[in-house]
Amino acid sequence: MSAIRISPPARFAPMRRRGGFSPVIVASVTVLVVTAFAAIFGTLLFPDATKPDILNSLRPVGTPGHLLGTDQLGRDVFALSVAGTFSAVVGPVVIALGAAVFGVVLGGIAGYFGGVLDFLGSRIADLLLALPVVLVGIVVAGILGSGYWMTVLLLLVLFSPTDFRIARSAVLEQKHRPYIEAARMGGAGSMRVLAVHVLPNIMPLVLANFLINIAFAIVSLSSLSFLGLGVPDGTADWGRQLTDAQAVIGANPAAMITPALLIVLVACAVNLVGDRLSERAGGGPSVA
Amino acid sequence: MPSSRTALWAVRLLGTISLRVLGGLFLLLAISILVFSLVHLSPGDLVTNLLGPQNRSEAAIAAITERYRLDEPPVQQYFAWLGNVLAGNWGTSFRQQAPVATIVAERSTVTLTLVAVAFVLALLVSIPLGVVAATSSGSWRDQLASGISVLGISAPSFVVAFLLMFFFVSGLRWFPLYGYGTGGLDTLWHLFLPAVALAIGLGAMLTKITRTVMIRELAKDYVTSARARGFTESQINRLALRNAAIPIVTSGGLVVTFLVAGTILVETVFALPGIGRLLYDAVIYKDLPTVQASTLLIAAVIVVVSIAVDLLYVLLDPRVRRRGAEA
Amino acid sequence: MITTKKRIGVGAAILASAGLLLSGCAAPTTGSDAGGGVGTLSLALGDSITNLYPGIEAGVPNYWIAAATAEGLVSVDPSGEVTGALATAWEQTDPLTYVFTIDDGALFQDGSAVTIDDIVASIEAARDPEISPSIITWGNVDTVTQTGDWEITITLLSPDASFIYGPSSSAGLFVFPASYWESAGDALGTAAALPIGTGPYQITGFSPDSNITLELSEYWDGDAGSYETLSFDVIPDANTRLLALEGGDVNLSLSVPVQQISEWQTNESIDVTTIEDRSYIGLTFDTAVAPFDDQNVRNAVAHSFDRQAVVDQVLGGNAEVATSLLSPPQLAALYSPEEAREKLAAAQQYGFDLDAAAAALAKSSVPQGFTAELVYPDAYPELQLSAELLKQNLAEIGVTLETRSVTTPDWFSTMGDREHGIGFMHYTPTTADPAEMINWFLGPDNLASFESSEVDAALTSAREADSLESQIDGLLEASSLQAAANVYSPLWWGQRAFATDGSVVLDGVTSFSMFTSAWPLQLKPAA
């Protein structure tokens, strides 16, 4: 919901390292696999999911042919939810991925070279961290008109400071270590040192933060959709479904409850896996 | 020489503060320019918003154009606005036709109360929960606390708000349905459930922070030696918590942006006339003076909190102070 | 859902012919939990109110509040006929001159006497586009002069049968003390300067977007109101409004979403009354935008809209398929409902018929179809559904309709923007003037870029008419001429629903009284 995430400082001692997988993690991974499947194949499975059928609207749960009933536009709630996985998940993945690339590259450079670059980068990151995502979303999307990829881009920018900070502090910590000094003495260029020697060392942290960013982006995107910003009308999207179905909750509660549960379920699964990765990365349980 | 060291440290600190304040002012200026440009670039027409689509009278259009200086170049409009603001005049809301300062002051009272109640609630619940999780790390209690916090982080506040609404208001009828109450205790009573909805996400984050920081403290040497000297577990926990308090409170302060962002969703569900809804309506209507005043107020609060938090951190944490002095 | 309402769009007025009495489910009249016993009625509004002067914010709820608290020179009686308010009598001495005799004994709610200066100052404020940007009824007025101790004479620029509806608190005149106009300044209509009118209820509390409190004025000398205090709460979320009504926090909800009427009705503790409200919902074609300059295209689209399906399925039968820009209640003074419907339906109709639509398209300049955008305001779910249904049907004849949700202000700015060839109109007249909507739709610079000398002649004859009958004849003529050209395609006439918790009845509320008279006087505790 917010860009504020207190990234785990690298000096945190490792908590505990446990082998094996708990049932919770197995369940979370299963949820993620199913979600990924639905995101990729959802629209292929239900090509007509978003097609309104006004004269068949608000059928209750259990209607033959409509397991979870239909919404106010007569769209099958189940099919729409499956098709909506794409926009609910792909946007957040792009946001987290973009933020990671953006943040790591800039953070790495800032940390490695220091000086003015570092100062500027850090101040901009502070600035972005101080902006509440949803409010910026309201102002920008509200004024410029809603568009899914526009919103994704906005969130991407707002999400990158965390990665920037993680990468920067990790690089700061690593750059005076003997092996880096050695590589530098050996004539390796700065970029090469960064890419070959520093990057692999911060990857686990970045990966963990990547997953936690996905969870936050899911929640942020759905919050914007709830306010009517983000995705255009008629798109299959969980946040949008939730908002639209709110008015007709009496007629078919499943139209609203299904996307709400899906948002919480997927965000939970991503968070749990992210936490586990974060612990394994030695950062301790991340403070999301 | 401790005294000159302290003096040096104080000078550095003052320098840092003024830099941060300057930076904050610069940030606010940048935001105001950004908001102004966005509103100007946006489609839609203020004249239509003010007159309605039906009124095409030339006299009315001319009057509106003159009153809101719409025929002046945008840069001039911006500086006119800035000049007024610097003189303490925030202008008149386009939508409400009332002084913006009054409107924003009224609305922000609601939101600040809501945020304050939510913050207190979150602290009251999450710190004990985090401590329990940390001291029994790995046990079922830890798992439960962590599970709750993951759920809290994963559930959008509007979803939580709806759930609370349906269980406690429409189902059990324990709380008032809507509105802000008549002031005092009644207002607190009205704000309780919205504050809970807002506090859940924040509380979940604070639980995680507390747990992490406490685990870190409990692994430290002084804890080991305290244990060796025969301190009881509860004494040790208290000791560790005292040391963990600073990072917990400062991280908690930083999460204030989280609250500000969540408030609009909760205000919408519970029909609270707060600053979030004001901003949303103003954006829709392209009510520039109101958008400016509310975004700047929110940004200013965030800037002040983040400076205060950093300051607190520097003042309270002996290590940072030492490092500052040695640097 | 956050909307900025102008009078257009959001609508309500209660119709005389429909079931007036909200069936009083013998609930005790001990009143509301919210207010504090007998004497307080708690009402819920769905839309926000941010300014109490309709000259600044002209939403439907603003007019409701104004009708209860302020008066103009004239008002409208329950049958829709113009009667006196602060003017006890008036006379049209020639087609351009109206002489009003002012009540010399009226009192403001603060106890001060209404002077002629107060009235003149209020008229001047209403005419000033800077003070009253939303008021449009004074454009044709030439002079306003005091011509006697208690007499005001208004002269017009051209004859206008609609003028007499203008100086009322349902349109363009709200009489406040001259000192109020002077002192209010920028605070006009806000909590810092609560308007002081001459109506039965006085505004005693106002918190924008949240609450308005009205109290019975001790200086009102007309019929007494049953409730000492009316407390209006703004509750934007419809589900919350329903819950508030169920729990007795609210006694009367003035806003029930049309799509949810059946859901509210299934609740045993709630009485819902639906009433025709003279609102018009239709499609507007802009003849300046290709391909809608081609009547075959307009006909194809009009034939593709399944009006009956929307009325039955989307609106749950709480509407009537419209056949004209005029609606039957507007003809009520002259014709019975059956006669009125027959007269209106005599105009050219374009019923739902996809074969006819395909045939019309084939004859048009774009026989292969075309693509157009239709925006709908997010405040009206029924328009979204209508847009989607139209899109579905048009796809079958090869026309691609792109639909998009916009906010109400953005919707307004697309009207007549000469870019959108097709758009929705949703209009609720607040005055009893049958010409209110048509003058805008078919007058100069209209939304449809429609020009026709025959229509102009019909409108002129309506404007210059000396009787309601000849005014309506002119309007019927103009309406049927436009129907032949099919620039405005009527979809349905709307209804508005009110819901109570059974403790209150709207006694004898009629078509026009919600806007034009002190309607809260008609609220009575249930027997």
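Each chain gets a letter, A, B and C, in the order it is written, and its residues are counted from 1.
Rule of thumb we're sticking to: a contact is a pair of C-beta atoms (placed from the backbone, for glycine too) under 8 Å apart; a residue touches a chain by one contact, two chains touch by 3 or more.
Values in this document were obtained by computation on a predicted structure and should not be read as measured data.
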| item | value |
| --- | --- |
| Innermost chain, taking as reference the mean of every protein Cα atom displayed | B |
| Chain pair with the higher count of C-beta pairs in contact (B-C, A-C) | B-C |
| Approximate Å spacing (C-alpha centroids) for the pair chain A, chain B | 22 |
| CA centroid of chain A to CA centroid of chain C, Å | 46 |
| Separation of chain B from chain C, taking each centre as the mean of its C-alpha atoms, in whole Å | 41 |
| Sequence positions of chain C contacting 2 or more other chains | 237 |
| Interface hub residues of chain A, defined as touching at least two other chains | 246 |
| For chain B, residues that touch 2 or more chains besides their own | 43, 268, 280, 284, 286 |
| Of chain A, residues touching chain B in the complex | 1-4, 6, 8, 12-13, 15-16, 24, 123, 126-127, 129-135, 138-140, 142-145, 215, 219, 222-223, 226-227, 242, 246, 260, 263-264, 267-268, 270-272, 275, 284-288 |
| Footprint of chain A on chain C - complex, ascending | 237-239, 257, 259-260, 263, 309-310, 313-314, 378, 381, 384-385, 388-389, 391-392, 403-405 |
| Contact set on chain B toward chain C in their complex | 43-45, 48-57, 59-60, 62-64, 67, 92-93, 95-99, 102-103, 106, 165, 169-170, 173, 176-180, 268-271, 273, 277-278, 280-281, 284-286 |
| Of all residues in chain B, those that touch chain A in their complex | 23, 27, 35, 38-39, 41-43, 137-138, 146-147, 150-151, 153-159, 162, 201, 205, 208-209, 211-212, 215-216, 219, 251, 254-255, 257-258, 260-262, 264-265, 268, 276, 279-280, 283-284, 286, 291, 295, 298-299, 302-303, 306 |
| For the chain C and chain B complex, residues of the former touching the latter | 2, 4, 6-8, 48, 50-51, 53, 56-58, 128-130, 133-134, 136, 139, 186-192, 207-211, 233-237, 240, 243-244, 246-247, 249, 407-410, 412-413, 415-416, 440, 445, 447 |
